[in-house]
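Each of the next two complexes has chain A plus one more chain, namely chain B in the first and chain C in the second.
Coming up: the complex of A and B.
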C-alpha cells in the first residue's frame, strides 16, 4: 500500500501540470500593460514643437475640456493610417488634440504635417522617449483621452473607427 | 615554482571577468530585471529597441535623482504594471509559483526517504 501512494501522487501531479500548460497554450503571449484609466496624468514639462519653449503639463491641460494626447512620429506607418481620424476628431469644439512627437527629426515631422494636415492644437517634443515613459506608453502610436487631469481612456496602437466612436460617445 | 606560475596564470584569467566593470553597476542590474515590452522575452538591458533605449535613459535619470532600486521598480510598476519586472512579487496569485520548488523538494525528500530509508529497515 505504501508504494502505491507515490506513483499515483506523481500521476496526479503531472496531470495537473499538463492541465496548466495546456491552458497556457491558449493564452496570448504578448502583453499590453494594464490600462491605467482613471489615473491622474503625470506632471512634466516639455519643449514646444514650434518654438522649443518650455511648457508644463499644468499649462497644457489647464481648461475644463477634453484633451486627446496622441503620441506620433513621422517614421511610424500606423500613425499615417490613423491621421484621418485625428483630423476628424480635431473638428470637435470641446476637444483639444495634443501631439507628442516621439523621437523624430523636426524636418520629417514638418513634412508629415504638411502632407497630411495638422490636427494638433499643441505639439510637444519628446526627443529621447522619456516623456512617453512618464505616460506609461511603450510605442507609437498611442492615444490618451483626458478630462480634468484624469486619463479616461487609453488606446494602444492606431485609432480606428470603433475607438473614434467610443471617444465621441465619451465627449458628447 | 611551477605551481606558483600556474597559479598566477589562472588567477590572471579569472580576473578578466572583472575587467568589464560596467557589468556590475546598479543601472545594468536594474535594467536586467526589466522586461522590454516591445520585444518580449528580452530584458531592457539586452534590447536595443526604441522603448528599451528610452527606459535606460529614464533609469539613469532616476538614479541621478536619488531613487533607489526599489523606488525605480515601484515607479515603473505604477506605469506599466507588474509584468515589467522579471521577478514576480510574492502575493496571492504567485504563492504557487514561489512555493512550488519547495513543494517539489519536499516530495522528492519524502520519495527518497520512503524508497531508501524505509526499505533498509
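Coming up: the complex of A and C.
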C-alpha cells in the first residue's frame, strides 16, 4: 500500500493548489501597491510668515508629535475648500499643522487667514516655490503627514472627508 | 474576407487535430510502421496555422479595423514595422503565435526523429496534439483573433507605446520558441514512458531539444531585460516582477534538466529526476501563461483580465499536470536497476548537489511569485514580494553553488580523486585576496560580500584557466560556466558601484554635487508620425573635468495618449551613463534621474557567452553523430 500513498498525496496537493488558483481568479486584482518606503523629510530652512525670521526644519519637526505640512496659497481655489478640514484637524492635540505658503503675496495670504481662520501652528514662506520642489510636491494644495521626520502619507489635491478620516486613524 | 480565411483555417486545423488523434490511436494498435498519413496531417495543420497567422498579419498591415484585435492594437499612423509586430503585441495574436510555434515544433520533431521507435513517435505526437487541441479551443472559444466589428471604426486604438520598440518586437517570438520548445520535452517524456523508451538514445535525442529551448529562452529573457533597462527608465535589468520570475522558473528547470540528462546519458542514473524535470519545465511555462494571462497577478505583461480565459487555462493546466502524474506513477517502470552506487567524490554527485541548489532557487522564485495569491485567498491580505526577499534567500546559497560549479567539472565520472588540490586551493586564496582588496575600497556589508565575490572570482579564474589547459572535450560546459561567473561578477560590481542622482531641474539650471555637475541646457520639440518628442540636452561634468552630453527624451503618443520616457544611455566598456527625464506636474521643472551603471554591458555579454556555451554543445552533438 505504501506506493499508493505518495501519488494520492500528490494529487490532493495539486488539487488544493487548483482550488486556490480558482478562488484567486475570482478576487479582484486591481490593487494599488502600498508604498512602505517612508521617505525622510528634506532638510531645509525657511523664513517664518509672521516675522520673516529664519527657521530650520529641525526646529519645526520634533520627534514626539505628528505634523501635517500643508502647501497652500491664497490664489488657490481648492485651498479654500479644504480649509474647514484643516481647522477640524487643528483641534487634535497631538497634531501640529505647518503651513507652507506657496508663491503668494503676504497681503492676500493674511486676508485669506482672516476670512477663514488660521489652523496653522507655524507658517513658513516659499516665495519662489523651491521649497515645494524639495518636498517633491506636485502642486497646490498638497498635504504631508509627518512623524519622526518621516513622511507617512501624502495627499495630492485638496483634503476631503476620507483623507481626514485616514489621518485621524493614523495619529490615534 | 481575410478574417474569414484566418478564422476557418483555425477551425479546420482543430478538425485535423482530432483526426490526427484518431489516426495515431489506430496506428498504435495495428501496424508496425509509422502511418505516413499522420505526417501529412501534421504538415497540413502547420500550414493552416501559418495561413491563419499570416492573415492576421495582413489585417494588421492593411489596418483592417473591422477586425477587433486590429482595432484594439493598431493605428494608421504607426510605422509599418510596428503594425506588423503589433500582431503579437496583444493577447489574441500572441496566442496564435504560440500555437504556430507549437505546431512548428511538432513538425520539426517528426522530421528529426525518423530513426526513433514507432510507438514512441506516436505517443509523443498524441500528447503534443492534446496540447495543440487545448490551445486551438482556447483560441477559438475565448480569444478569437478574428472577431468582427460592425460598423467598421475609422481608426484603431493603437499599440501600447512602450511596446513600440525593436527589442520588444522580436522578444515574444524568441521567448516563445523557448517556452514552447519545452512542450516537446513534455510530450516526448510522456511518450517515452508510455512506450517504455526511457533510454540512453532517448536521452541524447531529447537533450538537443532541451538545449535548443534553453538557448531561445535565455536569449528571449536577455532581450526582455535589455528592453526593460532602456525603456522602463528604472535603470535596472531585473526587477523580480512576477512575469520575469515566470520566465526564470522554466529556465532554472531547463538548466537542471540539461545537467541531469547528461548524467543520465553517461550513467543511466537519476531517471526520475529527468522525468519530473521534463514534465515540470512545460508545466512551469504553462503556469506562467496562466499567471500572466488570467490577470491573477498584476504586472506590465497582463494584457487580458478576463476570468473566463484564466479559468480555461487553469483547467487545462491542471488536466495536464494530473495526466502526467498518473502516467508517471502507473506507467513508469524503473525496473532497469540503476547502475551502481554514487560515489561521493564524483561528477554526478557534484551535479546532483547543484541540482538541489537549483531546485532551491526555483522554489524560492515560485514561492515568492505565488505566495501573494495564496495569502490573499486564505486571509485576504494583500502583500507584494519584492527584491529583498529574493536577495536574502538566494544570495547566501550562491556561495557554495559557485564553488561547486568550479570544482564539479574537474571531477571524473563514477569515482575520482581531485588532482591539483594545491592548485585549486591556491586559486581560492588568490580570489579571496583580490576580493578583499576590492571590497575594502567599497563601502558595503564587508564580510558577506567579500566571500560572495571571492566565490564568483574563484569560478571565474578556474574556468578561465581551463580554456588554456584542457583538451576541448568539455568546451561548451566551460564556456557556459565561464559566462555565468562573468554574469555574477558583473551583477555584483554593478550593484556595488552604481550611483544615482535624482533632482528637479528647469531649463538653464544646473545641479552640483561634490563629484559631478549636471546642467540642463536646452529642450527641443519635434513632431514624428505618431508622437511628439521632447528632447532635453544635458551637460554632465565630472570632478576630473570630463564632459558628456546626454539627450533623454519624452514621447507623447497620440493614440493611445500616453507619455513614455526614453532613457539616453552612453554605453562604454566599463560603465554606462543613464539618464531619464519626466514631467513634474504643472511646473516648468523636469524630474531628472542620472545614473552611472558600471559593467552593465558585461551583464549582456556574459549572458550571450552562456548562450554560446549552449550553442556549441549543440554543434558538438551534431559533429559526433
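To be clear about the criterion, the second predicted complex is superposed on the first by the 134 of 172 C-alpha atoms of A that agree within 3 Å, B and C clash if a C-alpha of one lies under 4 Å from a C-alpha of the other, contacts with A are read in each partner's own complex, and residues count from 1 in each chain.
Rule of thumb we're sticking to: a contact is a pair of C-beta atoms (placed from the backbone, for glycine too) under 8 Å apart; a residue touches a chain by one contact, two chains touch by 3 or more.
A quick note: this is a predicted structure, and the numbers were derived from the prediction, not measured.
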* To do: Based on the superposed arrangement, let me know which partner A:103 touches: chain B (first), chain C (second), both, or neither?
  => first
* Touching A:157 in the superposition: chain B (first), chain C (second), both, neither? -> neither
* To do: Considering only the touch criterion stated at the top, classify A:78 as touching first (chain B), second (chain C), both, or neither.
  => neither
* Contacts of A:128 with chain B and chain C, given as first, second, both or neither -> first
* Asked: After lining up the shared chain so the two structures overlap, which partner does A:139 touch, if you call chain B first and chain C second: first, second, both or neither?
  -> both
* Asked: Where does A:7 make contact in the superposed view: on chain B (first), on chain C (second), on both, or on neither?
  -> second
* Please indicate which partner A:90 is in contact with in the superposed arrangement: first for chain B, second for chain C, both, or neither. => neither
* Please write out, lowest number first, the residues of chain A touched by both chain B and chain C across the two complexes. => 29-31, 33-34, 133, 138-139
* Asked: Taking the complex as given, what residues does chain A use to touch chain C?
  -> 7, 10-11, 14, 18, 20-27, 29-31, 33-34, 133, 138-139
* Asked: In the complex of these two chains, what residues of chain A are touching chain B?
  -> 2, 6, 9, 13, 29-31, 33-34, 36, 103, 128-130, 132-136, 138-139
* Within the complex, which stretch of chain C touches chain A? -> 290, 294-298, 305, 307, 310-311, 314, 318, 321-322, 325, 329, 373-374, 376-378, 382, 384, 504, 584-587, 589
* Enumerate the contact residues on chain B facing chain A in the complex. => 37-38, 40, 50-51, 53-55, 57-58, 61, 78-81, 83-84, 107, 111, 114, 118
